[in-house]
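Shared between the two complexes below is chain A, which has chain B as its partner in the first and chain C in the second.
Here is the complex of A and B:
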């Protein structure tokens, strides 16, 4: 029982990160119908910026995170701006464009920070909380709290603000333009928020893992899987899917050891075969 | 390794592979001529991860090898010819490695330094054997010996030596029998797992727990909680630097206080910074190069390394330095031979290196001893 619960806790902690990554994927997809393949690399850039300001500039962790979110958000805006001319011409090219951006971001990271990477010390140096023999890292609680807050803010933005409502409209119908909604701006905001979420995920995952230029790959694929599992384009789906992938991964690791990756993705594939639209699939948007 | 990158790499390499494949096809005939060239620089390839999670190994290895080559070149080269080092990035990926093996063969490199990853080296070995290119690797998996290639040499001991020394210290000297194991299923981790388990079995000790993780895994809650319940006195780790560091960090967060034990990766600064210096106290390390202060040769090497790169020398740089020195010595004694003759010259080279006295046997292993060190206050000190 103890192993079961401890495994669950470990899974939820990385799962919360995957959920943030999945939310970024879904946000861009529901607005533009585009899979942003550079998203994993944007996470990596966010992790690097946060860790650089935290370690080299000695800023407080929260401030370093804020800087990372702003800078990375601007990178998101830039990516969208460069790809925008392609949107109404060739959507496949736009997709490939995001792959290209991913490669560029990784190369830029290697040029700026080198290929080897850095370890980020835990910013919350408090002993783990003990409950019934279970140990919960205080940092994990911080991650969960921030991830929850970010989710609530995003949902509030999408449902309660004019700009958010406009993005919902764009997501649902191309005819949004006819009622005076600036589609390009909505797309830019989607990319910006997606990148900001990526920076949040990257900054938070730094102290849990090891920041290096190729870290975006694993985080990207797990986050993407989470988004698909939850129902691509759905925000609640991204959260449930991301955490589900984290927990699934943790239990597969416990029971199948060396074969855990295989088991995780076989289970994932089976779920997707049974329910191709994911858990919250009915809300999935498809504009492409 | 990231699958995203691989996916992209696969797409990109479609375009790149065609010229490479053509060059590879042309290699058997045309390659021989360029190998026999007796003028111009001597071309040696260094293949290692220069990007990705294992790139710190590649960076150290490059520094060690380059230091040795620069010293020879400054002293007039090998028999009057300068040595040229070509650097290739294998990304820690066996597929990339095999492509590079064909590439260095077709481009006329006569010998190869690297890689630092056993799995990559094992993948490259058959191609290098067919192309008759001697290879001095920094890998230490017993799987390298199992390849039985006469062109493959190791610049350090195998896991068998590392782990035999470790088991001897833990079980025989310290009398500890309650040992748990956590290893990854990659080339290095598998070698460590088998070698340490064999050393324990030889002492009639059964590990209280034997956890295997994947080389990509980031969360070890399940494995570590299971280990914690068995309450071992020592936990053996067989994983690369970063992953070992993450395992130790998470273990301490889960309340495991037992010391860890392992081979080369546990003695590195990357392991220390990933785990956190306070978390690695009392780690037991089996290494052929415990510190830069072993003797005059290591002090001299460490000083030159520091002067050139402004950082402290460590095991992997030292290993690559030794390996490169052996290769260059063999080139000198064989009057810049290639192929089988060069391999024979390497095997015949007796070399007093930083790690000890090298004398290669038929398996390509030249050194058979490691020493035990303990991490105290973040520094590795001899347990002697």
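Here is the complex of A and C:
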């Protein structure tokens, strides 16, 4: 029981990070109907920038994270700007374009930081907290707190601000242009916010995993798996799905060691075949 | 006649080009040292993989990021079967290709239910799962991989020699490319291209979209399997990193840069990027930046890739006047040749809707609609924009599953069946804003609908290709007959987008009629037509009805509705408000109120809210 709960909490903490990645996927998808394949690599870039500024420039962890968010946000805007001519024309091509960006980002990371990874020390060097007889790593609690705060901010932005409401409208109806909503700007903001969430996830995941150039692939796919599992495009879905994948991951790692990834992907594929719309139902931008 | 001569010449130059290329490829080893011949052998394997990926992505339009993993499955299967189970190379190879195809079916299974965008990540996830397995599994040798795979044996030649291996590979490559091209130009590939261009319209003309998507995955996995087997035979050592995601993206870049919609383009891309990689062999990371950037630039600026360049170049030369335009004479639309009269194949009601309701997230598009259409009639459906007319067609043709209520065709309950099933039961339709397959010629548009064979019949491709070829010839003859009937012969080889709007409308009707449907649904067929074209449309519709086909027509052109239809059903706000002869309906007070009161205001709204 003790082990079970301990694994569970570790899974939830990692899952919160997957949820942040999943929200980035969902935000871009619900705004413009695109699966952004470079998202995982943006997470990786965010992780590197945060860890570099934290380790080499000796900036406080929070400040290093802020730098990472700004830089990746700009990367997001850049990607959207380059691929803008393809918007509403050919989504398959656009998707492949984001794969192209992912390839470049990974190579750039290898050029800057080298092919081997970096271990990031725990920025919250406090002894584990005892909760109901369970030892919980303080960093896990920090991750959960930051992820929750970011989620609340995002939901506030989408539901309470004019800009966020406009983005919803774009998701609902491509004819939003007709009522004067600047679709290009909404898409750029979606990409920027998605990239910012990616940097947040990357920064937070640094101390938990080993930061290396190929982490983008795995993190991206697990985040995406979370997004689909919850119902692609839905923000609550992304949270629930991301955490579910995190917990699945933690238990798979405990039981199947090296095969954990295999188990996670296979379980995910099976679930998605049984219920393609995910837990919170479908929110696809259907162009029929 | 002139056109045919030109076609003959281009065919002859193509044959000459192929022979020259084949001769070059055959003589190439004489100019290569032992290192370069090895490189060439790897390039050919990439070319085979690229053709397979081109088939699934460029031809069928399904994103597949597991192509390298298919090769990995086959290579590992060969390695395990030869070194651990003691099979001979060729037996192991055959089994390995079968295993890879089984994986193809397995990976393609999500395609039965999922959108193509999701597929990208699902296939990527499964590919990662594969590398994860081989890196960990004891039987696969873990991170070290498996060495000591025996070389394939052939009588008289020693395949441990890379030069001999080159020739074997070259022949295999030629066969796989030829087979790929054969698929593309025969019914299976044509259906795939139609599905890629517009999967909705493909379903509506009877293409079994889900099964076809799975077939595309199966096909690409066979290519992956062949490449994997020869990889194992060539290198005689397999390790996880060979089948990594990085190499998958390299392969993807090859296909995109070469031009995914052309198999030859895919090969060109594979050769070009392999050579680039060879030049930058000491700087693999910079090579990665280079090909990633080229992928981005390609999708934005040259979506058709290298394969599309000749066409673009010709268009450019023509624009600046260095090349004269192709045709001097503008082809003309011919007259429609009426069908022979036949009594309707059904008696009584051919179509019956019972209390059909259709809701979309709170919006009710159809409310308790009950409707009966007698066999052999021409039924008009009128109503203001947004009154649910097109939704009705979408329900009847299977694009929407009604929230409640039943749809009967003859005596059979057809509620909620998939569009292609309904098409096979004799429902045909056209679309309000034209859904022709843009990258298929007019003839091919008709051919897709003409082919009645099921996707399951694709086994013939593996067993008896001349049969497929003959079937294709027969279809072409039928297509030419149909095009002639609709006066479209002059446009047979044109792309639909090049035709005048009214001609495109006629092509769509011809395509809908290709299947000899029992009931034809025309969605605003007169929209955008001039007076002459509307009169021709009336004659065509009448002849179609006389040939025994029931016609239901949504139309805003009241003159056409009044003169064409026996009965008219009037919709307003998702309900039927009147039903009767044109004269009765025109007198109905509700119609006068709803129609005149509403349509005067909604006349300017270009699209229907229900779509």
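The criterion applied here is as follows: the second predicted complex is superposed on the first by the 266 of 288 C-alpha atoms of A that agree within 3 Å, B and C clash if a C-alpha of one lies under 4 Å from a C-alpha of the other, contacts with A are read in each partner's own complex, and residues count from 1 in each chain.
Here is the rule we use: a residue touches a chain if its C-beta (ideal position, glycine included) is under 8 Å from a C-beta of that chain, and two chains touch if they have at least 3 such contacts.
Please read all numbers here as calculations on a predicted model, not as lab measurements.
Asker: With chain A superposed, do chain B and chain C clash or fit?
Answerer: clash
Asker: Report for A:212: first if it touches chain B alone, second if chain C alone, otherwise both or neither.
Answerer: first
Asker: Mind working out whether A:72 is in touch with chain B, chain C, both or neither, as first, second, both or neither?
Answerer: Touch partners of A:72: none, neither chain B nor chain C.
Asker: In the superposed arrangement, which partner chain does A:3 touch: chain B (first), chain C (second), both, or neither?
Answerer: Only chain B is touched by A:3; chain C is not.
Asker: Would you check which partner chain A:26 touches, where first means chain B only, second means chain C only, and both and neither mean what they say?
Answerer: neither
Asker: With both complexes superposed on chain A, which partner does A:151 reach: first (chain B), second (chain C), both or neither?
Answerer: neither
Asker: Looking at the overlay, what does A:52 touch: chain B (first), chain C (second), both, or neither?
Answerer: Neither: A:52 stays clear of chain B and chain C.
Asker: With both complexes overlaid on chain A, does A:106 touch chain B (first), chain C (second), both or neither?
Answerer: both
Asker: Please indicate which partner A:128 is in contact with in the superposed arrangement: first for chain B, second for chain C, both, or neither.
Answerer: Once the two structures are laid over each other on A, A:128 reaches chain B alone.
Asker: With both complexes superposed on chain A, which partner does A:95 reach: first (chain B), second (chain C), both or neither?
Answerer: second
Asker: Which of 39-47, 345-353 or 597-605 in chain C clashes with chain B after superposition?
Answerer: For chain C, the clashing option is 39-47.
Asker: Once the two structures are superposed, pull the chain A residues common to the chain B and chain C interfaces.
Answerer: 37, 99, 102-103, 106, 110, 115, 214, 217-218, 221, 257-258, 261.
Asker: Using the touch definition from the top, list the residues of chain B that touch chain A in their complex.
Answerer: 1-6, 8, 11-12, 50-53, 55-56, 58-59, 184-185, 211-214, 216-223, 225-226, 229, 242, 245-246, 250, 253-255, 270, 273-274, 276
Asker: Could you pull out which chain C residues touch chain A in their complex?
Answerer: Its residues touching chain A are 61, 63, 109-110, 113-118, 120-122, 124-126, 128-129, 132-133, 135-136, 200, 245-246, 249, 252-253, 256, 285-286, 288-289, 291-296, 298-300, 303, 399, 611.
Asker: Which bits of chain A are touching chain B when the two form their complex?
Answerer: 2-3, 6-7, 9-11, 13-14, 37, 40-41, 99, 102-103, 106, 110, 115-119, 121-122, 128, 130, 135, 137, 208-210, 212-218, 220-221, 246, 249-251, 253-255, 257-258, 260-261
Asker: Any idea which chain A residues touch chain C in the complex?
Answerer: Listed in rising order, the residues are 34-35, 37, 82-83, 85-86, 90-97, 99-104, 106-108, 110-111, 115, 214, 217-218, 221, 224-225, 228, 232, 257-259, 261-262, 265-266, 268-269, 272-273, 276, 284, 288.
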